[in-house]
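The structure's right below; bear with me while I get my questions together.
Read from first to last, the chains carry the letters A, B, C and D; within each, the first residue is number 1.
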Amino acid sequence: MSPETTVGPLQLSLALALIVTAAATLYSRHRLTGVVLFLVFGVFLSIYWGVIGAPDVALAEAVIGTGVTGALFGYTATVMPRPAHDRRGSIARTIAGLAGGAGIGAGLGYFLTRAAAAPPGGSGEPVGLTGQATAAVPATGVEHPITGVLLNLRSYDTLMEMVVLLSAATVAVAFAPRSDAGSSTRGGAPASEQRGPAAPPIVRGFVSLVAPVVLLFAAWLLFAGSTQPGGAFQAGAALAAVMILVQTSGVGRLRIGPAMICLLLLGVLAFIAVGLGGLVLGDAWLLLRGEHAGTVTIALECILAVTIGASLAAVFLASAGRRR
Amino acid sequence: MIELSVASLTLWTGALLTGLALVRLLTVEDLIARLIALNLTGGGTLLILVGLAARTEPVDPVPQALALTGIVITVAFTGVGLILVRAVDDDERPSRSADGRAHGHDEEANA
Amino acid sequence: MMQQLLTAVPLILIALSAAPALIIFMLPERANRTRVTINVAAAALKVGLMAAMVPLILRTDVAPELRIPFLPGTDLVLRIDSLSLLFTLLSALLWLVTTVYAIGYLAGRPNQRRFFGFFALCVTATVGIAFAGNLVTFLVFYEMLSLVTYPLVAHYGTSGALAAARVYLFYALGGGLLVLAATAWLTIVAGPVEFSPGGAEAVAALARDHPGVAIAIFGLLVAGFGVKAALFPFHSWLPRAMVAPAPVSALLHAVAVVKAGAFGLIRVIDDLYGVELAAGLGVLTPLLVVACFTVLYGSVRALLQDDIKKRLAYSTVSQVSYIALGLSMLSVVATTGGVVHLVHQGLSKITLFFCAGLVAEVWGIKKISQLDGLGRRMPLTAAAFTAGALSMIGIPPMAGFISKWQLGAGALDAGQPWVIGVLIGSALLNAAYFLPVVVRMWFRPPAEIREGPVENRTRPVLEAPATLLWPAVATACFAIAVGLFAGLPFSPLDVAGHIAERVYR
Amino acid sequence: MSALLPAAVLLPVITALACLALPRRAQPISGFLGGLASAAVNAAVVVAVTSHGVLEHHMAGWAPPLGIALRADGLAAAFVGLTGAVGFATLVFAASAEATTGRRTGFWPLAMLTWSGLMGIFLAADLFNAYVALEVLGLSAVGMVALGGRGAPRAALRYLIVAVVGSMLLLTAIGLVYAATSTLDMDLAGQRLTAEDGWLPLVLAATGMGLKTALVPMHAWLPPAHAGSPPAVSPLMSALVVKGSFYLILRLWLDVFPRNDAVALVLGVLGAVAVIWGGVLALAQRRLKRIVAYSTISQVGYLFLAFPLLNLPGHQPAMVSAVVAMALAHGLAKAAMFTAAGALMLGTGTDHVDGLVGAARSEGVLTAGMILSAVSLIGLPMSLGFTAKWQYLEVALQTGAWWIVLVLLTGTLLAAGYLLRPLAALIRDSDTHEEVGQAEIGPRPAAQRWVPLALGAMAVGAGLFTTDLTALTSIGWG
């Protein structure tokens, strides 16, 4: 995405497609059409990220932003098919909304481009920390700069991000369907009713075929992360995708029990342990240098992937699990 | 073709997206449509973030890491949002079917 | 060693009134006996300690002082000088007497724990006001007094009591805010200012550089303190607060709350600005006019009231303005009159409120018209009431006469003879609303009164329960004694004279 | 010594993990112990800052601008201390009865995560890290609010949307600052950011944080969220969570963004409107928890009222200590008031003001707690609220900002007005011919009576330590 590369026809058309699908999603009549258009928007956005030279973000957008979020929306929209009881949404309101949105967007865009245009301090030195970051990556035991930044240079950010996921998972545990709440002993819908009507055999067959493949893909994503785009988050999301497929198709039955809660805790606990280790061995929290840094990072990524998968699955169960 | 760098195209797309989604977010009633608009705003903001910050040839890894973190945080918030939508629906659904005093109930809910 | 002991004295005295409050709040409601002993013991101890201090302070002119860092730049200063000694002695003595009275008055009624707890806190605030060494400390205890007296005024908990208490609180908080704004402004333009006899130099310097600011600050301070001193525009809360129980009306509205306002005026005029400086700025004459108007207005409104406590309340409004009147005249004698009236009015007015409480409690009499022939039924109470009334009117040898005489002489000395006209006018008005009551009590046949809420009380051999009767008689005797022995050393007049001289050093 | 800082952030997370693993019955014990340990670490941080000055810890050994630093100066230490005190007191209150933590399990882990999010914000020296910590705070706060009664999930959802939009505005601002200064560290960004680059991110960040701190035009979401949440959650929300986003805009204002008079004035005016409008709305309320929630909106107005005065370089140190004193006073007093209101609500079953008539007779200690907290909220002397208002007055009078003086005084009267109604009800005796019956309160456990009193006493007693607080706040700069 260097300043010289001018915009080719591909980027321009993708940008236009993004704007159009976004408008369509926002002003759709029914929830289902809204969700489906949202999926289309996600696909376009992932391609756009890839085209402008941010493969990691593209992968993350595809797996997390579109995959898991799409599944959450899709399932919740089907479970609660109440149509968007918006006033039939006269055309005038939609036009006004679009015009207002475009106006604000244009204003924001104008000011932002004006601010971005002025090179900092006018000096020629490159913008941002690219130079310093790429120089420091070899010391992190990982080749791929993004993973180096995420799991070493700014590993504290990633730790706090895992705490955000933990928070979401805690809310999921609190709102888990009664019978599943592992820690609470109150009675609730009998376990069998949880399974729900079994999906048609075709789907069950497909899922039992695809699940191992996706698992393999998740593992590959994890290990590729140290040298090329990939990493714990994308792998975790793929893991969550497998869990959601298994749950919805009725092939297996997941519930937020003590086992899942244990998985939820593991990731953050491991990260803090590594942090403490860094303090004890080195002299700063999360210090990870030296020859075994790479292996520790990979091990940590595995645990993180499992926790991310479990957290997203827990959120799915709490929001999409059948209650009554 | 108009002389436009990729960075400013990303910036403009992000800005337009955020504008559209924010206006819709503030006007729509349906909770799921609101969460979708929230996600779009998130996507737009991340486009702005990367568009603003990454103007070197090998895209600057730091903003990419920030964008990645942003995506994960957005999914966390969307998940919690959907759990709450479900909880709101459970609060209001039984009373509607039970004795139809959903209307009275709605006032009390958001009093 | 002597020095440490001295600096600790202010703290000991404040602790002496705050400690009973905390203990009382801890005690359960029914622990009457222990509560009574704690109250009376603490009050008596305090009076003793203050009496011991009198010769020390007056003779050796040492002023024990305690500083606690509070705000960046200004500290909490507690200092005992002769003025604070006079005011604390008065409040300690009357606290003892009123505690005895309240114990009798509230016997068998609910919420006594809350009453006596806040009662002790109120006295703590009064002592704090007396010892305050600078405006910030004064403000701290001034606002504490407003807050702590709210539950006392609202003691009965009826909607009427709560409404009156709400009005009182907002007047008091409003006054407090005015003082807060003025203090902050003064601290900025003149730096942290402390009270010193004859006025602070920083304020004098301020008055020289920009008199406008000095006048504005003076106006705010006088308005702020005027609210509690019930000066004309801000007086309406006082009659409404009569809904409180008798001991509350007696102590608070005759001694603590109203006197806090008057004491504030004394501090501002004598110890912050200095009388000459204030006269120079020309701010004293408007205050004098307001004071005179309030004196007359209070007396006229008192004339129209049929309810005993309302009449006494309006009489307080007018009497407190005598103090303001005395302060705003440029003469030693006038200042002495103002300061000594603080004590004399306190003693006389508390006697009248005690009698009003007695009459209401024993015979259920609330209106003046029902007072016919009280002399025969309750001779001692009637005698005490008469003594208090005569002192209010200013008939020799009573205490009131002494202070009014000083004020008259001061008016001549300050070259404002018209003030004497106001004094005589108000004396006549006082006579107009007090003498008929006295006449009705002694020379009218006793009106038949349907047995009020009194029948459940066994007919006492005395005319009223001892704990109610003797405090009233005691304060009446104090009022007489203070008048008779005004010439003696260490009498209130002598102490007031001592204070006034140091203001005009 | 600086290793204390990450510990202050991560210890609550470890406690949250422990609570999540245990069944609901055992959570109060582990939560209480974890809270005690976290409060001890907070105290250690405050002591360390007072004795050693500014502490800085480079995470993972990378120095800024590449790595993330955690920094604790005087300003941060004051808020860390507040979180320790109020957080621990509220956990003691929550441990007293299960009813205080809402009908669902989940209060304890979410409360500890909120604590961790707050620590993350107060100790952050990196812009994006502050954003992530703000998200931790936002999400766990939303979770806690949702644990409440019937209307709570809807209020929590509304709060979630507000929180996310606010954070996205902040994220855009961070992107702009990174574009202009190619660093995410606050101090470095502050040195490099020029005026013409700085105004847009400042506007965006101020709007975002104003939204999350419920500054007046954007305050509608707060009352349902704070009043609707369980009795143990409301104090955390009003006393601490609201302070997190305010602290962030204050930190950005002081360290990162160059002076900007227009934005300062706008924030000041909005603050003034908030003080008045919040007070008026609180006057109209009949439910105790709603009165206290609207009082938060009014008191937050005081915090933003300080910006025009913060903008003047000469008065910045004095004004910062004033703002910190006001924030701490409000934190302590509001936590006392909400815990007392929660205890009364659990006792009488209703939080309508008429339902509390005559409660003072049986619940003397609780009433004393409410009176002390009202003293500090109104700003009556001796309390920290008073000394804070005094410092505001001094700077306002020095700079001739008369409208601020007026707002401060009217605000005091308004606060007295809306706090008098519940207090009067408590004192009122209904055995007279009033129509409202006497409130019979179920026996309250000891913690529910003594925690409000302790917090109220701290709010009033802290007034005596104003000079020490000023000394603490000025460590590291000013």
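Just so we're on the same page, a residue touches a chain if its C-beta (ideal position, glycine included) is under 8 Å from a C-beta of that chain, and two chains touch if they have at least 3 such contacts.
In UniProt terms the chains read D = Hydrogenase 4 subunit B.
Treat the numbers as computed from the prediction; the structure is a model and nothing was measured.
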Would you identify the chain whose C-alpha centroid lies closest to the centroid of all protein C-alpha atoms displayed?
D
Measuring between Cα centroids, which chain is at the maximum distance from chain B?
C
Just how far, in Å, is the C-alpha centre of chain C from the one of chain A?
73
Whole-Å gap separating chain B and chain C, where each centre is the average of the chain's CA atoms:
66
Go ahead and note the Å separation of the Cα centroids belonging to chain B and chain D (Hydrogenase 4 subunit B).
27
Length of the line joining the C-alpha centres of chain C and chain D (Hydrogenase 4 subunit B), rounded to whole Å
42
Which residues of chain D (Hydrogenase 4 subunit B) are in contact with two or more other chains?
128, 132, 135, 139, 142-143, 146, 172, 176, 178-179
Multi-partner residues of chain A (at least 2 other chains):
112, 115-116, 127-129, 133, 154, 157, 161, 164, 167-168, 171, 175
Overlap residues in chain C, where contacts from two or more other chains coincide:
none
With touch defined as at the top, which chains are paired up in contact here?
A-B, A-D, B-D, C-D
Hey, which residues of chain A end up touching chain B in the complex?
1-9, 11-12, 15, 18-19, 22-23, 25-28, 31, 34-35, 38, 41, 45, 48, 52-54, 56-57, 60-61, 64-65, 68-69, 72-73, 76-77, 79-80, 84-86, 93, 97-98, 100-109, 112-113, 115-117, 126-130, 133-134, 137, 145-146, 148-150, 154, 157-158, 161, 164-165, 167-168, 171-172, 175, 233, 308, 311-312, 315-316, 318-320, 323-324
Counting only contacts in the complex, chain C reaches chain D (Hydrogenase 4 subunit B) at residues 25, 68-72, 110-111, 113-114, 139-144, 147, 151, 154, 156-159, 162, 165-166, 169-170, 173-174, 176-177, 180-181, 184-185, 187-188
So in the complex, the part of chain B that touches chain A is made up of which residues?
1-24, 27-30, 32-33, 35-37, 39-40, 43, 46, 48, 50-69, 71-80, 82-87, 89-90, 94
Spell out the part of chain A that touches chain D (Hydrogenase 4 subunit B) in their complex, as residue ranges.
111-112, 115-116, 118, 120-121, 127-129, 132-133, 136, 152-157, 159-161, 163-164, 166-168, 170-171, 173-175, 181, 183-185, 261-262, 264-265, 268-269, 272, 275, 278-279, 282-289
In the complex, go through chain D (Hydrogenase 4 subunit B) and note every residue touching chain A.
3, 6, 10, 13-14, 16-17, 20-24, 57-62, 65-68, 70, 104-106, 109-110, 113, 116-117, 120, 128-129, 132-133, 135-136, 139-140, 142-143, 146-147, 172, 176, 178-183, 192, 196-197, 200
